[in-house]
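Okay, so here's the structure we're looking at.
For clarity, chains are labelled A, B and C in written order, and residue numbers in each chain start from 1.
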C-alpha cells in the first residue's frame, strides 16, 4: 500500500533572519567605513578601504549575532567567514597572477621570440623587438631541466623503492637526509655546485652544472611523492606475487612499479614543473648568456626564468613587452606541465588491466627466472579495480 | 651523504673569508671586498633575512591555516579537488613570476597602506620611516614571501587536518558543539604537530627565498626597525646580487654566507621533521 | 533563525515521536515512512539485520544525519511536542537534549578523564556550579566511578575499551540530556563491560529516555521495554515492519518476518 513520501530537504540553521543579519552587517559596516574615510578623515586608497571594511564587518557581525542569537553561534559564523576569506584570498591571488601574466604577456608574443636570441640587442634600435627573442633561453631551460630530470627521476625511484620496499637499517638515515635536503635554499644549491666544480676549475659555467643543481633541488620532492605513491599500492599484490615464487626484485619491477605508474608520472612532471621555474641555482652554474648556446656541456647558457629576471631588473623601455611575453611563455610552460601531471596521473583502471595483460604476454618471450603467471596479474588488476577510489 | 659534502665544501671555501674578517663577519655589514679597506659582513643581511621571514610567517601562516581548514572541513565535495589543485599550482608558480607580479601590482597598492601607517601610526617604532620612500621595503618583501609560503604550509596542514579521526569529530558534534568549536577543540589539537612542522618548513623557505627579494628589495645595509621604509638586505639576496663581483675574497665571503644560510635552514628542517614524527598527527604525513 | 530553546534542561526524560521519517543519501532512498513513538522514561530497542537503516534513523533523531554531504530527509521528529526540524531549534541545541553514544568509543584522547566528562559542557557553554560533583555523578551513573576516581587526571585514551565506552556514556550524561541514543554501544566490547553498560541503561532509564540500536537479540530482550524491527528488502529502502512491547515482539509477533528474525533464522 504505497504511501506518499515527503519531499526531501536538508535542514539548515541559516534561515532568512540570518541572511538578514549578514547583509545588514555588511551594509552598515560599509557605510560606517565610508563615512569615516571620506567625510571625517582624509584617508584614501581602495585597498585600505577594503581592509577597514572587512575588519569592521567582522566586528559588527559578531556583536550583532551574539546579541540576537548566541555567542557560540556568533563565533562559529565569524570563524566560517574567516575561513572562507582565507581560501578565497589564495585562490584569488593565484587566479589574479595567472590572469595578469596572461593578459600582459600573451598579446606581446611574437614568432621571433621563439627563434631569436639576445645577441642582436641594441636599445636604440626601433625595430629591436623583431631581432631579439628568447630562443636561447628556451633551449637552455629545456636542456638543463631535461638533463636534471633524466638523472633525478631514476635516482628518486630507486630511493623511494629502497625506502618503501626494502627498508632496513638505512631507512631512517636516508629519510632524514631526504627531508633535510628538501629545505635547501635554492641559491645554496647553486653555490655548492659552483664551489666544487667551478671554483676548483674543474669546469666553467655550463648548462650541465645547472642540471646538477636542479637535480639536488628536485630530488627530495620527487622521491617523497613517489614514495607516497608506492605506499598506496596494496600489500596484497606483493604478497600474491611473492607467494608464487617471484623474487623481490621481480615483484617490484613487474607488479608494484606498473601499478604505481600514473602516480610516478605525476610526481616526475611536478618535479619538472618546479625545476623549470627555479632561478637562483642558475646564477652560478649556467650563468646566463645573450647568445644561443645549445651545448649544455660547455659554456654559459641562458634559461627562461633567468632571462626574465634580467629583464625585470634592468628595465629598458623596449624590453618591457618582451619581459611580459617571456613571463607568459614561462608560466604557460609550467601550467602545461602541471596540468599534464594531473591529467596523466589519474589512475585509469581499464588501462591498468590491459597493460597488465600485455605485460604477462610479453614476459613469456623473455628469458627470466620466473614468469609471473597470468592469473597473478589478473588478480592484481582486479584488486586495483576494486581498490581505486 | 650529499649534505655532508655540501656542508664540508662550503666550510672549506668559506674559511679564507672567515679568516680575514674574523667574528666581525657576523657583526658588521656591508659588502666591499675589493679595494683598500676590506669590509664585509652579514649582520645587516641576517637581520633582514629574519625580518622578512617573520613578516612572511605572520602574514602567510594564518591565511594558510584558514585555507587548509576550508579545504578539509568546509569545502563542498565536488569543488575540493579543484581547489586543492589550485593551491598546489600556487606552489609551482616560479618565484620570478611572483616577483614580477609583486613589483608591478602588489607594490603600488601596498605603498598606500605603508604610507598611511607611516603617517598615522608612527609612534609605534616599526612603523616610522626616516626616508620618504616606502617602496622596496622589507615589509613588502615580507608580504610577497608570505604569499609564496602559503601553498606549502596550507597543503601540509590540510593533509594533517584530514587525518583527524572522524569518531572524535562526531563525538564533539554529538555533544552539541558548533563547527568552529569542534575545529578548535578536536581538529587543531590533533593537528598541532603537523601545523608546527608545516610552519617551520614555510619558515625555511622564507629564509632562503632569493628571487622575489632580489626583485623587490633595494639593497641597503642598515639595521633598523623601520620595516616600512625603503631598503634592506637579506642573505640570499646578498649572495645573488654580489656574485661574480668582489674578487676571490668576495667569493669566499659569499660562500661563507651561503654556509650560514644553509646551516640555519638545515637546523629548522631537522627540527620540523623531529616534531612531526613525535606528534599524533605526524605518523601518516610525509614531509 | 533565533534560538528558541524553551526545552529547559531540568525537566527530565522526554518522549520522542518520529512521524513519516524518510532519508536519502545522495538521491537514494534508504528509509521510507518510518514512524515510531519512544515514550518518556522507557528503553526502546531498534533491531534488524545490518544495513536496513537503523543507525541512519538513530542519527536523524539527533540531527547528525544532515552532517553527511548529500544527505536529505523528510518527516518530523518531536521532542515532547516540539519538532526538532521545524526550524525553531538549532541543531547544536538539539544535540544537547538528545545525546549519543557511538559504536566505537571515542573519548578525547588528549584530555584527561575529568576533562572528558566535562567536555560537553564546555561546548554548550553550560555553567557548572560544582564540577567535581558533576563528574562524580556522571561517572557513577556510567559505572566508572570506582575505577576512575583515583585516576581522574589520566588521559582518556589510556583506558580499556569497555572503560572508554563508559566514559563516553558519562560524558554524554553530564550534559543532562533528556534522551540518550546508543548506536550498538556494546558491539566492540567484552561481556563484562557489556553487562555493566546494560546495568547502566537500566539505572538511567527513569531520568533519560533511551533508544538503543542493537544486533544482539538477547540484549534487546534484556534491556528494552519496546522493540522496533527494521527490515530492508533487496534494493528497497528500510522500513519498520513491526513495533511493540518487547515480550510481544519476541514471543508472539504479528509478522512472519519478525518471527523469523527473532528466532535467528536470518540476519
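The definition used in the following text is that a residue touches a chain if its C-beta (ideal position, glycine included) is under 8 Å from a C-beta of that chain, and two chains touch if they have at least 3 such contacts.
This structure is a prediction, so every number in the text was calculated from the model and none was measured.
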item: Overall pattern in which the protein chains touch one another (line/ring/star/complete/other); value: complete
item: Innermost chain, where centres are averages of C-alpha coordinates; value: A
item: Separation of mean Cα positions, subunit C and subunit B [Å, integer]; value: 49
item: Gap in Å, rounded to a whole number, between the CA centres of subunit B and subunit A; value: 18
item: Touching two or more other chains - residue numbers and ranges from subunit A; value: 72-73
item: Sites on subunit B at which at least two other chains make contact; value: 178, 181
item: In subunit C, residues with contacts to at least two other chains; value: 92, 124
item: Subunit A - residues contacting subunit C, complex; value: 3, 5-11, 13-15, 17-18, 68-73
item: Residues of subunit A touching subunit B in the complex; value: 43-48, 51, 72-73, 75-76, 79-80, 82-87, 89-91, 93-98, 100-101, 176-177, 179-188, 191-192, 195-196, 199, 216, 224, 227-228, 270, 273-274, 276-280, 283-284, 305, 308-309, 312-313, 323, 327, 330-331, 334-335, 338, 342
item: Residue ranges of subunit B touching subunit A (in the complex, touch as defined); value: 1-3, 5-6, 9-10, 13, 62-67, 69-71, 73-75, 83, 85-101, 103, 105, 109-110, 112-113, 116, 147, 150-151, 154, 178-181, 183, 201, 204-205, 207-211, 214-215, 236, 239-240, 243, 251, 254-255, 258, 261-262, 265-266, 268-270, 273, 286-287
item: Complex contact set, residues of subunit B against subunit C; value: 76-77, 165, 167-168, 170-178, 181-182, 185-186, 189-190, 280
item: Subunit B-touching residues of subunit C, taken from the complex the two chains share; value: 62, 64, 67, 69-70, 92-93, 95-96, 99-100, 102, 104, 106-110, 119-120, 122-124, 168, 171-172, 175
